[in-house]
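Per-chain residue numbering starts at 1, and chain names A, B, C and D are given in the order in which the chains are listed.
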């Protein structure tokens, strides 16, 4: 296997750390650089003791020229807007980019501006970026591999954690036509690492521990990303009512979605539609009828598990639940999955191990 | 204040322990008896060390004659069906009952049999029982106080934890007419104490910790209780799509409900309807617009907090979230609230303290 | 019961919140003022939603004149050094003080300066302050009640959380003479609320959760306070090797202490010495031989539980374990216990309820 | 790399699951069999959903003939005494054994009988077994590799979790002579997975969560194993005062040890002794002076981190803290490390990745 030299930009955030960990264990990648603005010059292991004994890499500044000097591909684990300036420069310098920020996910720059409160300054790249949900978009990602083989740097916009779980939970119903209507309710629960590394009142242990709460109700920024994906899938404009919750766990994300079922749909039809849809997917499993997934079964890994049921109270409703690790399939592992496709490596290389958590 | 002598039946379960704790601190009640079949003869504090130093009460067998010999009121914190035989006997013997089991909540015995898999053997008492949700049924509970003052023993069927939170979250929207449709989605998250004291694979720390999962989807037994209450409130038959989740906390329950909004309803209308509905309620607070409740704010206490928002994606949907302690307002504290009303005591006596948890 | 009007200074910190909660439920105290420098002017319930529905008090600035205008007693839940200026002024103005900071705990100002890095600027008050561990110092605290009854404001220096648990675990062995030597090892584990309300890397949920670590080894500031108390108790100079650990819980503190046993001491002697020592203590329980306390049994309350064993590997060692709530018996509840004594109220008023946590 | 076919006996326990996970990701091992008495005949992934998508292996009965038919090496993740019968038979059949039970750890059968309450029935194998702590016993384990290369099946007795952490924390001090005395205090904290998979009152989420407690004080069965190792290391008979605690985390173990320091030892001597001792160890890191390890830094992985300090209160005491994952370096990963040595594979193959937990 050829070994690609990669850079993790934003290595000290949660997604960045997870990327470093995955790249260090990946036989087809080498962690050549890891950057952090504040900690540049320090050993990664001195800042994040989990790396003690595993790597002696010293953190760098996220300087595009430096990255281009030694890396073929960069993972950007940066806050939104940071990628707007970094990505164009890296592509110019010939570095392929897997961007974990929100900056290149939405095709419509007006939608970006409406939800992120800032104009999109790299609109020309929006049609270049391929949305990195392999279960929806594998052909597109493989197309990037071909272009990259011709020497062209490419850009993947890796999905957000909530949109990943919501899409995986709702896609089979919308694609197969067993769901009707123009609205999907996504009620999701995330571990606290989803709130990021900043120490705030909300992320204080004593606030988050032993508590559950909803936040960002009816206004969370992942909403338009979900609507874009589900509209693509359904072939009609879809709205999403999205309610994220915070629960006292570090890693893990569960999205439970509700869709109106088409007339006459039976429980076995729903189960069959879901099993058929993911039969060949290497990282998505559909649980047997009657079982629902637990996030612990996928935490620390790159897999997703989906369960589905049909409610028959008054009107039939499809209830599907998808469990992922918000930092794994919801961020770093999915970014590696995309990078594998772009680099022509086996799709699950470095991310196929079962969850290390109980 | 007159002091009522009470008995807690099932004192070693989670709700029973919480009842003992509340009664011990209640100036209008005396914990005369506490029963547990298996541990009868042992000091409560030897079985549950949290009571060490606070009471020397010795556990008894749940014998109705014994209870009637010294107690005016019994709280039944027993599994469903156990109350079917115990309650009639206690009433005969002149003991008023606040029943925390499901046995007298559903008015229709056929519905009981369909969901609990056993015929209802005390159907004559079903029309005697008053459903113990004071925010819905205060007059009915006060009516019991009058009857009790005339020497008649009375029966309160205390609500389940999920139905309590779902009702408090949905009632203002249904009563005020700002919600339409015949379906309410209730997506709820409970702490593990809701699964009871039995040591099972599901309640093992290493299973529940660091994980979130849905369970009982489309078939949870609290569904008909919610439908009965919400149909009463709406004045039309309502269905409930109910999805409970388990999250890694001990106490706390959050129900997030989704209802179709009537044409033209604005966010401020929704907020106003909720604030108006609970303006005079001593134990339910509506948070200011834009804020949602956290279970930690009510854990360990008898209060509920509610937040509400209006989603405007395609079709307007009301999203309301209610936080309670599943063992407090969802069980023991609400049972005490009912007992206060039945005994003619101030409604919030013994349960008005703020949550002791951070 | 006469009702004393009190002020909680530092009401938005963890100990301050717990004090407000206890005072609100205390029949002999009225929460007349609650202060917080940053949030003054705001309702306490708006800053700490656990108080929603329980109090409408508005936070004030910690102004001594203002406090003296309406309060007979002030609890100071402030960082060390803040009390050095506040306490003398409050006493001058006639307000009695229960100080939860470290400022008046150490009798020797040189020790204070050595460990806190700042000179002690109110040394004249050091001999006025009574160290507020009622199990050690009840007569002293009752003496304050007499002076206060004569119109004199008084000062209690409430102990730290680790010193409380360490003292309760070690006192019976040292006082009874079954322990020898000049060294006590105290290996303690605290919940994260002990690290305070500041949002830091250490208190981030994702750092503290699923982890245990030692900190401040061989240099924690509670060391001289423990040495002062244990030397008093033993009647000879004692050293303390103190290792605090942080564990992923919100409230709770366990100190396990190790002392060399005197020649010939048998397990039953050790058990008897402990039981005898605490036989009349209202808030300290000694568990039966062979059992050790769990912090959950005392969390949220004002009690302590102690267990003890004798190790016979090579040399006999006494191993005793004391469980408290770091915010309860380790801070707020103990401060209320002291205030009860100072005010001439029943010692356990407002803090005798069993732990509300499971 | 040659691929060894291995069997995991007891695959559904915590250590067994972790072994399966590690073997599945190990380039030099193939998981040919996984056994569980109760679940034989079922897919591992149906019993443990974390394996869904990662393996379709079906669980077998732990039948030695069956194992010998296809496997060169067996990991025994079984309760003590189960290995007494299984191990001799496997060796007879030519299968090498890495035994994670306690059955072959203690060299003295009388000690085994005294602590485990049952006679040792395979005493002839006691001198064959090599104690599998590579940091202490690497040459012995490499000697097994030579014998195995000659066709002889070999036996490794993998250490317990507490003895591993205690030995790693105390060894440098005892070996280097900076510690004196005949007693080591080991005060340790374990995650709940250390209590095993059985659903008991103690492992119930609501018991373990938000609580810390000591257990097995002065009588835990790991005591003689620690004494054997530390006596070997010190060259004189050592006693161990051992206090294990349970804390609310799933994985992770911290042992803090206390040893009397030799006259004149300075802090820098202690730090140097520890750094020197582990300078060449691939899986043990000594943290810089002043820092102590957190279990999260090693959870999910095979590494250990050690920190050390010198207390100077009255008499100098060495305080050292070692963090491991009780299921990793304390069980499964260490067993794989031993198997690597026995099989002639690189020592850290399959276990060198950094901790996947934050």
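Basically, contacts are C-beta pairs under 8 Å (C-beta built on N, C-alpha and C of every residue); 3 or more make two chains touch, one makes a residue touch a chain.
For clarity, every value in this text was computed on a predicted model and none was experimentally measured.
Undergrad: From chain D, which chain is the farthest off, judged by mean CA positions?
TA: Between chain D and the rest, the longest centre separation is with B.
Undergrad: Count the C-beta contact pairs for A-D and for A-B, then tell me which is higher.
TA: More contacting C-beta pairs are found at A-B.
Undergrad: Could you grab the centroid distance between chain A and chain B? Build each centroid from C-alpha atoms only and quote it in angstrom.
TA: One centre to the other, that is 39 Å.
Undergrad: Let me have the rounded angstrom distance from the C-alpha centre of chain A over to the C-alpha centre of chain C, please.
TA: Computed value for the inter-centroid distance: 47 Å.
Undergrad: What is the distance, in whole Å, between the centres of chain A and chain D, each centre taken as the mean of its C-alpha atoms?
TA: Centres of chain A and chain D (C-alpha means) sit 36 Å apart.
Undergrad: Going by the touch rule set out above, which residues of chain D reach two or more other chains?
TA: 14, 193, 206-207, 209-210, 248-251, 293-294, 296-297, 357-358
Undergrad: Where on chain A is chain C touching in the complex?
TA: Counting only chain A, the residues touching chain C are 14, 192-193, 197, 199-201, 203-210, 248-250.
Undergrad: What part of chain D is in contact with chain A in the complex they form?
TA: Contact set of chain D toward chain A: 14, 17-18, 21, 24-25, 49-55, 193, 210, 250-251, 282-285, 287, 293-294, 296-298, 300-301, 303, 305, 327, 352-358.
Undergrad: Contact residues on chain B for chain A in the complex?
TA: So the residues of chain B in touch with chain A come to 182-183, 185, 187, 189, 191, 206-207, 209-215, 217-218, 223, 227, 237-241, 243, 245, 247-252, 254, 256, 258, 292-297, 299, 307, 309-315, 317, 319, 321, 323, 357-358.
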